[in-house]
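Chain naming follows the written order as A, B, C and D, and within any one chain the residues start at number 1.
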């Protein structure tokens, strides 16, 4: 299987460079009969697109999606759905100096060593711009999951650099940070304003959850549901860590605390994060991830050039000082893509019966009422 | 691709239940000409096998491996290598009560819901016993990686429940915990003795690294080297979190701190954990993972039975009170399996040239001298 | 995907050499709940096993299968089913001279060039002995297809060297040739007796059909049902040609003859062989294949040795003078394996509804009453 | 793996309907550094495109290809190469009546049954128009195979309906039929003129060969080189039979005739068609296939409508009366795609050494001098 294809049955094959003519993907294996038009996809793309606040890259890309195939009279036909997004605001001259040197913390160096050639304009293939196609493909997945199983997938920013963001309410999420906490937004804004001035960048934590997943999705050994989620999330640019449920907190937990007790009314806690033995339990699937600080920064850093000679690198161009800010829709999309793939895999082997768990909705790992952060 | 097969080109297809006649696997895609006999594999299996100290399960399994195919006159032939390990010390009657109820925190419940049938004896397929075949397959992978590229893969326990284990020296690792710190072993032992008496279980942190990986292995988008590592590690029983390099610490880092500077003599730090843009950088690949506490404990817990009625569950049988204690060789094996797969994928697309990075060996993420823990 | 694994969802991963300790396979993706024991598989293996008549190899292999996993209390659990067949009647010394030279028409030469090493004993991995595991795996597939959809798969010998074998009746098939024509058997026997004396070998044509396949299984473009059947059949040792329905006869047909007309009572002919546009039509799936003559013959032939020097090769050992004689159960198994894989793929994407075509059963491609040969 | 992706390492993911906005594909896994521009691909597309003679469909499609990604400054970068061809001459109203009925011999019926929805305009996804993207992707494959290994791939028409076309010379191939025989072209033209008037269609035989393939490409068991070729060729619209080397003629051959003898100067014949035991032998790879007559014909035929009621179908629109006429470039492309995939698979497992066989070039299966037809 090629490295640019995600999934086993519901597959996304991605293409495109940041400053090439276009980016896009082919979505294959989509069930037929799903109502779908470009607006369904556009709505998700608009949540991720650049240039919407002063805290993200100022590149102006409308990210307008065209459906090239697989949809007839407003419904999916079961054939491949090709999605095309033309690049429109390339300023490749900004990257002239990057072509000869390697940005510290950036894919520049290993690309060059692997392929012996690379498209340096805007990061080429390694640009976070590629994540737009994940969001587009994910929009199809989440629509089907929602319509067929009632699954809802939501993400949010849980930490921006040193600032932890307590979960308050979904209703407060509508801000440039996807922070579920309106009161903290001014603090985030002034933090980012300072940061931008400094020419530096910062990391973030993103959480994402899926509610309504039936019991038993996943595979017990290598392709566990949580393993595939980890693969999908660590496969997002800049992610350096992934947790399911209690995550790293489980190290210091006893079994009598961590193991979620079960009653006829449902589980009493959710340290498992909705996955046991690689299979969904019917509880909320809870995922958390660490996003590293952007490697393209204005500050001067030591590096080498293509000849191996010392060089000082300072990146101008237009970059997100915190790639985590736009990462929430991407994380949601990736979770949707993993879930639909396992929905189809499950249906293949075990048939079309849906089993749900009696459950007390909204339990956080610690048994508190949801939705708090899964940490 | 079926859920019990790991890898794209170097594949491991695993089979077997804890109390069935045997466990084993088929390793396909192994390069021909590798010197290999059962002893090579047995050495690794012996590091993982149960019953070697009072801190692990007392099940007595010699874990003797038989090579059924793919080796002729002491060398791999390029055809599938089948490995067979007969189960010998099943005591299935210990599990009679488990067949009717679901252990909290255990795969029992979703297995039942998924398949409508399950082999409850010793956990069946969900038993950690399956990991023996990963270690066996990994032994082949690491031998080839070592011989062809000089790659060395090592893991260790970095934390046992509340006890952090400072890295002292590889030479001190030869203890039942894989703790690289001889002085701390008595503390670990008394902690485990207490725990065992209490009937409870505990989590752990395992680190693993690979030194000598050439630059450029991996795929830039979905099948990133780090994404495939995350998939492999989260696919180990009981793992709830995975980090590469700085991991979750990157959330609060600035780009000017996190991005590893590069000089003609090599990188000056390794926050990246040896992977940038999904490709290896030539630095040490650093992985850390969280292992949850065993779900099979003696303490009484609330649960339900197959009819959905309330039940009290207390697990006897023979279980590891901390599955993390035997996890180190498993994590090493999984890293070896991911690396060999990407070695072959890289060679397929880019040819057989090996590129290495000038590097200052033994740099931890914080630039201190290796080998400390990657956190 | 490794080259020794067949299928996408219902996968068979095969291992073993002719004179190694064992052959076998891992079957993954089998639906749970299927009643299965070793006798189900043994029945199919016994149809293929060597030594049952004077017209086949005299190697005495009981081909006794052991189920190592995936079955609990007589039912499949949805986990991998490992099947093991120990080799028992190796006489490797018969092959001493083959180790140094290459048999004309045999895989010896390219194996050596590919891997630089090969197991020459009995043909090693390239031996037709490997096909036993296909038959074993196929037995599981056909049982499920029969129980769930009522699909019946049957094959027969349609030609032995120059002797065409008119289809008479299924009831007459119980002879060493799988010839559906009792009257012709003496002619086949005397032909084979002559051939054996001569030290030469001969080809054959095998037909296989599946009745009761629902409409719509398959994929429209690359993984067409017929493409996957062609892959499976051409993947049987010694097959050099594959036809679906009218096969090569379609070259000289007009569209008005070839295109099967459709009425409310069903199709009026079956030139398509049950597949249109890569999808099953609900009619009988009709496949025909050409089996080349065995390359291991007693007659002296020119070849070269490992040093590239001229050599005269004459193969003794124990070989089938017509591998086609035992090929019928293998072809049936391969068709079953392709069908179950597409049954699961279809169910994944399109759900669990079964659609059947009103049909006039038993129509041959030419509209005559079935079951004649599909040519 | 999804059904619209071909290949394991060099993958082609195809999309598009006949009358949708566009067709295209994503080519992944291409080695970096290959010189490539749109003209390289256009040259192959022009060989296949419709409307170039009166014997093929009169639809006017320029089939102009746009490279959207994966190429930088005229060289492949190792990242996905997306190819886009806009549809320009749709006349969807011609197909109004097809939407309600099913053409005999056409994919209409099983599509409808499988998906419950279909795009009927011009055949939608089942249109032969999809094969343009195979030709485009194949152009990349053959360029790399030629540059790296000197492999030449050529196809030709060997039979048109009842007219066998003796191979004369490659130089005579430049005619609308790809017939390597200038003298026979007038006969082919008058045959087609008659046929077109009659409103009927006809089948054809296409041969294709690859010269210069190194020894040892392929996999010994399921993914044999010949099995993958059969999969690729049977996966072309309208193909009903595939042969390698002697093909069905091997049924009546003795082993002493069929097995190609080997001398220090090369093989003495090529009944094997360049593949033994699933691996290339270094000889010419010889493939032959049967193309059925087009199912869309003007003559009236019995069928049913979507309600299952009887209907008379007569297809107007613009169709090839013999799809075989344009099939030669498609068959060449498919062979190129299989070969490059196995080139990469071989390199992955066995390294980058190329082994060639001393050979007497141009030997037909019967030992006559090449290039005759492989039958």
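Rule of thumb we're sticking to: contacts are C-beta pairs under 8 Å (C-beta built on N, C-alpha and C of every residue); 3 or more make two chains touch, one makes a residue touch a chain.
Chain by chain, the UniProt names read as follows: A, B, C, D = Chorismate synthase.
Note that this is a predicted model, so its numbers are computed, not measured.
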item	value
Chain of greatest Cα-centre distance to chain D (Chorismate synthase)	B
Chain B (Chorismate synthase) and chain C (Chorismate synthase), separation of their C-alpha mean positions in angstrom	39
Chain C (Chorismate synthase) and chain D (Chorismate synthase), separation of their C-alpha mean positions in angstrom	26
Centre distance in Å when chain B (Chorismate synthase) and chain D (Chorismate synthase) are each reduced to the mean of their C-alpha atoms	45
Two or more partner chains touched - positions in chain C (Chorismate synthase)	1, 3-5, 8-9, 14, 29, 32, 78-79, 114-116, 125, 220, 345, 350
Chain contact graph, described as a line, ring, star, complete graph or other shape	complete
Chain A (Chorismate synthase) partner contacts - residues on chain C (Chorismate synthase) that touch it in the complex	1, 9, 29-32, 78-79, 220, 344-345, 347-352
Residue numbers on chain D (Chorismate synthase) that touch chain C (Chorismate synthase), as the complex places them	1, 3-6, 8, 12, 14, 102-111, 113-116, 125-126, 130, 159, 161-162, 200-205, 215-224, 226-235, 237, 240-264, 268, 271-273, 276-282, 290-295, 297, 299, 301-304, 308-310, 345-346, 350, 355, 357-358
Chain C (Chorismate synthase) to chain B (Chorismate synthase) touching residues, read off their complex	1-5, 7-9, 11, 13-17, 20-26, 28-29, 32-33, 66, 68-70, 72, 75, 77-82, 84, 114-119, 124-125
